[in-house]
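The structure under discussion is supplied below as C-alpha cells; questions concerning it will follow.
A, B, C and D are the chain letters, set down in written order, and residue numbers restart from 1 in every chain.
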C-alpha cells in the first residue's frame, strides 16, 4: 500500500479524490490538509465521507505522492515544498499546465515563480501523454473544459484534416465553478437558467490551444471557446465545430483507431449524454458530419469532477506509481 | 372585445395561450377545443387555469380569430376550415412556415395539401415582417429555435457583414419537446443531463435558412444548426458563430439600430441569461467579438413558450386585430 | 397614482415587489433604496427589471407608502423613520410580526426597541385580518411558512374541531433562504437533495402559534413545525396533520365557507401542487381525511415569494390604500 | 463465481442491479431478460452499461440466483418458475412482501395465486430480518418507502416507547415512480414542483404497518403515511412524528445500540440529507425530540434505487449466498 495525501481536501475535487482514494486497493489515503476545518474529522465537515477516519491537518504528513487541490497561484508553493521532500505530485490546479510563463502573466495575472518546473511538468491528459506522465514526478492535471475539448479534437487535429477555424461550445454543470460561494452558483440563480460567461476569454483557452498546437504545429489554429453554465451539478458537454478538409469517409475509423485500447475514452455510435458518464472516469466521443455543409461536429461528454478532475488525477497517479491504469476507477455511471 | 379561440388547448403552447388571452384586455377567450378532454372544464384538466370558465368543446365556436395549436400535418385542415368560415388564423404548428412544398416533403414527409396558402401565409416573426402580418388573415407562428436564431442573426445577415458559414448551437429547456410523453422528457432521464439531438438535421433548419436567405439572397449561407436539451423547463439560449467580414466597430450600433423601438427585442451590454426572459415575450440579444480570432459571437435568450410560442402568437394577433402590439404581454420576468 | 417606495430592493422579496409595483395600475414606484448598489440603475443590478427606470438611492424619497425589505433587527429603524415622516409601511421583515417582546428575545436574540408599535402593527394575513390591515399605518407582512400553515389550519382551528396536537411538515424552495450566499443554497449542494433544518425550533414557529392561538385561545395547541428544503426555486408545500374531534362530514364545506369570496385562497378538490401557484398570489388548500385513522390532513401550496412574500405585501398595500384587493395581482400561474 | 440473472433488466431497479452485479467480485451476471428489447445488446438499450457484454434474452438462462424486477402481479409467475428450477430468488416486486392474501385483494386488487409462498418468503429488510433472509430461497425485497420508514421507526417501536399514533411524511425523487411514462414524471411537470399523492392510501402502507406490528404486536399502531414527489432523480427523505411515552434521555443510545455493527445504517448526530446517500446502500437515521412538545421526530435518508431497491437486493443476495454482506456495495456517496 502506497501512502498518498491530499492538500486541501474540502473543495469538490479534493472530496472526490478522498472518495476515490479511500476505496483504491493499492494506496492508503494517509494525510489530508485543508485551508479550513483544520483539526476536524473529515466526516464532520463532509458527512458523506464519514467512513474515512482522518483528521484534517495543517501540514502534509509522510506520503509518497500527493494531490494538490489548492487554487491556482496558491498551489505552486505547496507543490514545490512536496517535491523538495521527494514526494511525487499531481497538481489539480492550473499552476503547471501552461508551458509559457507569458501565458501565466496574460491569463492569470501571475509571474510564475518556478518557470523551470513548467517544462518538467507533464500535462496529465493520459491518452495524449502516457509515457511522460508515467515517468514524471510532477503532473499537471488538465482543466475540465480542456479535457473534454482535447479528447474530442485530438484525432482530427493530429491528422490535420480540418481547416484551422475551430468553435468549441461547452456546457458545464455548476460544480465546475467550485465550492466557493457566488451569486452565479446560488441555486435560485442557476436553476432554470442557461448562461455563457468569459466571452472575453476563458483561462482554459490557452491550455486548449497549447495542447492542440502541440499535436499539429503546422495547423495555424484559430480557436473560439465559449463556456456555458447549465442547471445540473456535474457534467461537461462539449460541441466542437470545424470545416473538414478531408477524411469524411474514414472519420469514425480514425477516431476508433486513435482511441483503440483506451480504457476511458469510448467512441460511440449515437450522440452521447453527460448522464452516461455520471460518477465515472469515462469520456464519450461522437464525431459526425453535417451532411448539408460537410462540416465536422464532434461531441464529447465527461463528468467534470471525474475525468475532468479527480478521476483523471487518480488515473495519472496509477501511471506514476506503476499501478494498473484503471485501478480504483472501475464501475459504470450511476444512472439515472 | 374581440372573440378569439384556441384549437387544442391542452398542450404547452395551448395552455400558455389560454393564460395570456384570459387576461388580455381587448379580447375574450370564447372557445377552446381539445383533442382530448372534450366536455371537461378547463380547470379540471389544467388546475392552474381554473379561473377560466370554459368547457373544452369538440368544435370551434363563433370567433373572429383562432390559434391552432395542433401538431403539424394535422393543423392544416383546421386552419383551412377556419379560414373558410372567415376566421383569421395564427397557426402555431409548422404547417404554413415553409414556402416551398419540397421542404415539406423532405423535412416533414408531407405532401402539402394547400400549396397556394403557403405564399399567402405571413411568417409571424414580427420584427422582420410586421406589415405583412398586420394585413394577413393567416400567420404562421415561427418555431422556437428559429425565433432565437433569426433575431440573433438578422441584423448582421441583412447587412451582409459575415462570411456565409454560420454555426447555431442552441440549448433548449425540456418543454420545447411538448407535453407528449417520451423517455427523453422523463424527469429522471432529462435531469442532470445535457444531450444533443437531430444531428442529422432538425426540422427548424429549413425555416432558419429560408428566412435568413430572404434577408440577404446574395449571401450563399451554409448553416449548421445543433439543438441541445438542458435540464430546465423553459428557455432557449442560442449561441451563433460566424466570421466577420467587416463591421467590427459598428457591431453594437448596427444591432441597436436594427431593433430600435422594438418593444420585445433588447440588445444588451452584458451576456444575457434565459432566466431573465422567464414568462415574458422578450428576446435578449448580445452581439460580441472574440478578440483573438475576430469571430462574431451572437447570443440570444428567449422563453420558448412565450416569444418562442404563445407570446409571439399573441403579438401577431394584436397586429392582425389592430391592437397595440404589447397588449397583454406586459410584465417583467418572474425571477428567480 | 400613489407614490410608493421599496427599502432594500435587491433581495428576492424586494425585486418581486419592484416587478409587481411597476405594472400596478394605481401606484407609481417612485423610490428604491439598497444596502448595496447605491447609485446604480436598477437594470444594471437586476437585468430582468431593466424597464424600471430608477436609480438605487441611499435614502427613501417622497412616498405615501413604503415596503421595507430589510432583514430583521435592521428593519425596525427604517420602519420607525418612515412612520415618523407620515409614510404608511408594509414591513416584510419579522420585526413587527410578534406581539410579545419576549418572543423577540427568545427567538431573535433581540430586545425590541419599539414594543409599543408591536400592538399597533397589523398582522398582514389578509384572509384572517382584513379590517385591521385596511385601517393600519403599519402592517407586518407574514412569514412564508406561517402563510402556508395558517391558511391551511385556520378554519379547523377556529372551529375547535381538532385535538391540540398539530404537526406541520413544510417543504420549501431554495429562494426562501434569501439571496445571501451560503453553502446551503449553493446549487451543487441543494440540487438532487432534500434536507430538514431548524429542528431545534424555527423562528416562524412562534408566529404560527401566536396566530393559531389567537383564532382559538381555548385550544391548548401543541405545534411541531419542521421545515424542509427541496431542490426548486419557488414554492412552499405544507402538509398539516392533526386528529379530528369532529367535523369529518362537513370538512370541505367548512373550508369552502371559511374562504368563500376570497380572491386568493382556493379550496380544491384534488391534491394541489406548488407549480399551480407559480408566480401568483394564490394559496391552494386541500383538506382531507385519512380514512383508516380518521386523521385530518390539510395541504396548502403557495409561491413563497408571492403569497408568502411580495404578493401578500401588495395585497396589504391595496387594502391600506383603499384599492381593489386584487389589483396588480391578477394572472394565472406560469406553467409549466 | 456464482452465476446470477436479472429478469426485466430495463427498468430503473433492473439497470441498477446490472451495474452492481457487473462489478461484484464473487458473482457473474450471466443472464438478463427483458419485457422489451429482446435480442439487443444491453449497451444498445442502456448506453451507460455498454461494458456489460450481454444480450437481452426472452428466457432466463442457467443461474443459481435470480432477481425478478418485473412489476407486481407479473412477477409471481416468474418467481415460481425460477423456484421450480431450483433457483433462489430475490423478488423486487411487491408480490411476496405481504403475508395476508387479503392485503393483496384490498391494495393490489389481486387474488394471490400462491398464498403458501407468502409465509415462506422472507421480508428482505436485512437489519430486521437477517437470519431468515440468509436461510431463505425466496426473499421479498422491501419497497422504497417502507425501507426508509421502517429503519427510522424500528428501534422505538420495538421498545414500545411511543404512543400508537404515527405520522410518516416521505419525500421521494422521481425515479421512485419507475421508468414508465406518465405526465407525473414528465420533466416539465415534475420540475419546480412538489406534490403529494395517494392520500387515499398508498400500497406501501400495509407493508409498513405489517412490519411495524411484527416488531411490537402490543402497540395498536395507527399510521398515517403521505408520500410526496420532489424534483430530484433519486432519494427518499422520511420524516416520522410520534408522541414519546418515555425514553427521551436514552433516545440516541437506543438507536445506536439497535444498529450497532450494521454496515449500512448509520445513526447520525446532525440532520442528514438525501444527497449524502447518493449511489450508496446507506440509510442515515436521525432521531431527535421537539423540546417544546416532547414529540419524537425521526428522519431517515436513503437512495431509493439502492437501499430502497437494487442495493438492498444485492445485500440480500450476499446473505443468501453466504458472501460478506457488504460485498459489491462499498463506496461513499457521489457528492455533490
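Note that in this section contacts are C-beta pairs under 8 Å (C-beta built on N, C-alpha and C of every residue); 3 or more make two chains touch, one makes a residue touch a chain.
In this text the structure is predicted, and so the values were computed from the model without any measurement.
Visitor: Counting residue numbers used by both copies over all numbers at the interface, does the subunit B-subunit C contact come out same (over half shared) or different (under half)?
Guide: Comparing the two copies, subunit B and subunit C contact each other through largely the same residue numbers, since over half are shared.
Visitor: Which chain's C-alpha centroid is most distant from that of subunit A?
Guide: So the chain farthest away from subunit A turns out to be C.
Visitor: Which chain pair shares more contacting C-beta pairs: B-D, or A-D?
Guide: Looking at B-D and A-D side by side, A-D shows more C-beta contacts.
Visitor: Distance-wise, how many Å sit between the C-alpha centres of subunit C and subunit D, to the nearest whole number?
Guide: Measuring from centre to centre gives 38 Å for this pair.
Visitor: Rounded to a whole Å, what is the gap between the Cα centroids of subunit A and subunit D?
Guide: About 36 Å, centre to centre.
Visitor: So, what's the distance in Å between the C-alpha centres of subunit D and subunit B?
Guide: For subunit B versus subunit D, the centre distance works out to 45 Å.
Visitor: So which bits of subunit D are touching at least two other chains?
Guide: Residues 12, 173, 175, 188, 191-192, 231-234, 272-273, 275, 278, 336.
Visitor: If we count contacts the way the header does, which residues on subunit C are in touch with subunit B in the complex?
Guide: Within the complex, subunit C contacts subunit B at residues 12, 15, 19, 22-23, 46-52, 175, 191-192, 233-234, 266, 268, 270, 272-273, 275-279, 330-336.
Visitor: What residues of subunit C sit close enough to touch subunit D in their complex?
Guide: For this pair, the touching residues of subunit C are 165, 167, 169, 171, 173, 188-189, 191-197, 199-201, 205, 222-224, 226, 228, 230-235, 237, 239, 241, 243, 271-275, 278, 288, 290-293, 295, 297, 299, 301, 336.
Visitor: What residues of subunit B sit close enough to touch subunit D in their complex?
Guide: 12, 173-175, 179, 181-183, 185-188, 190-192, 231-233
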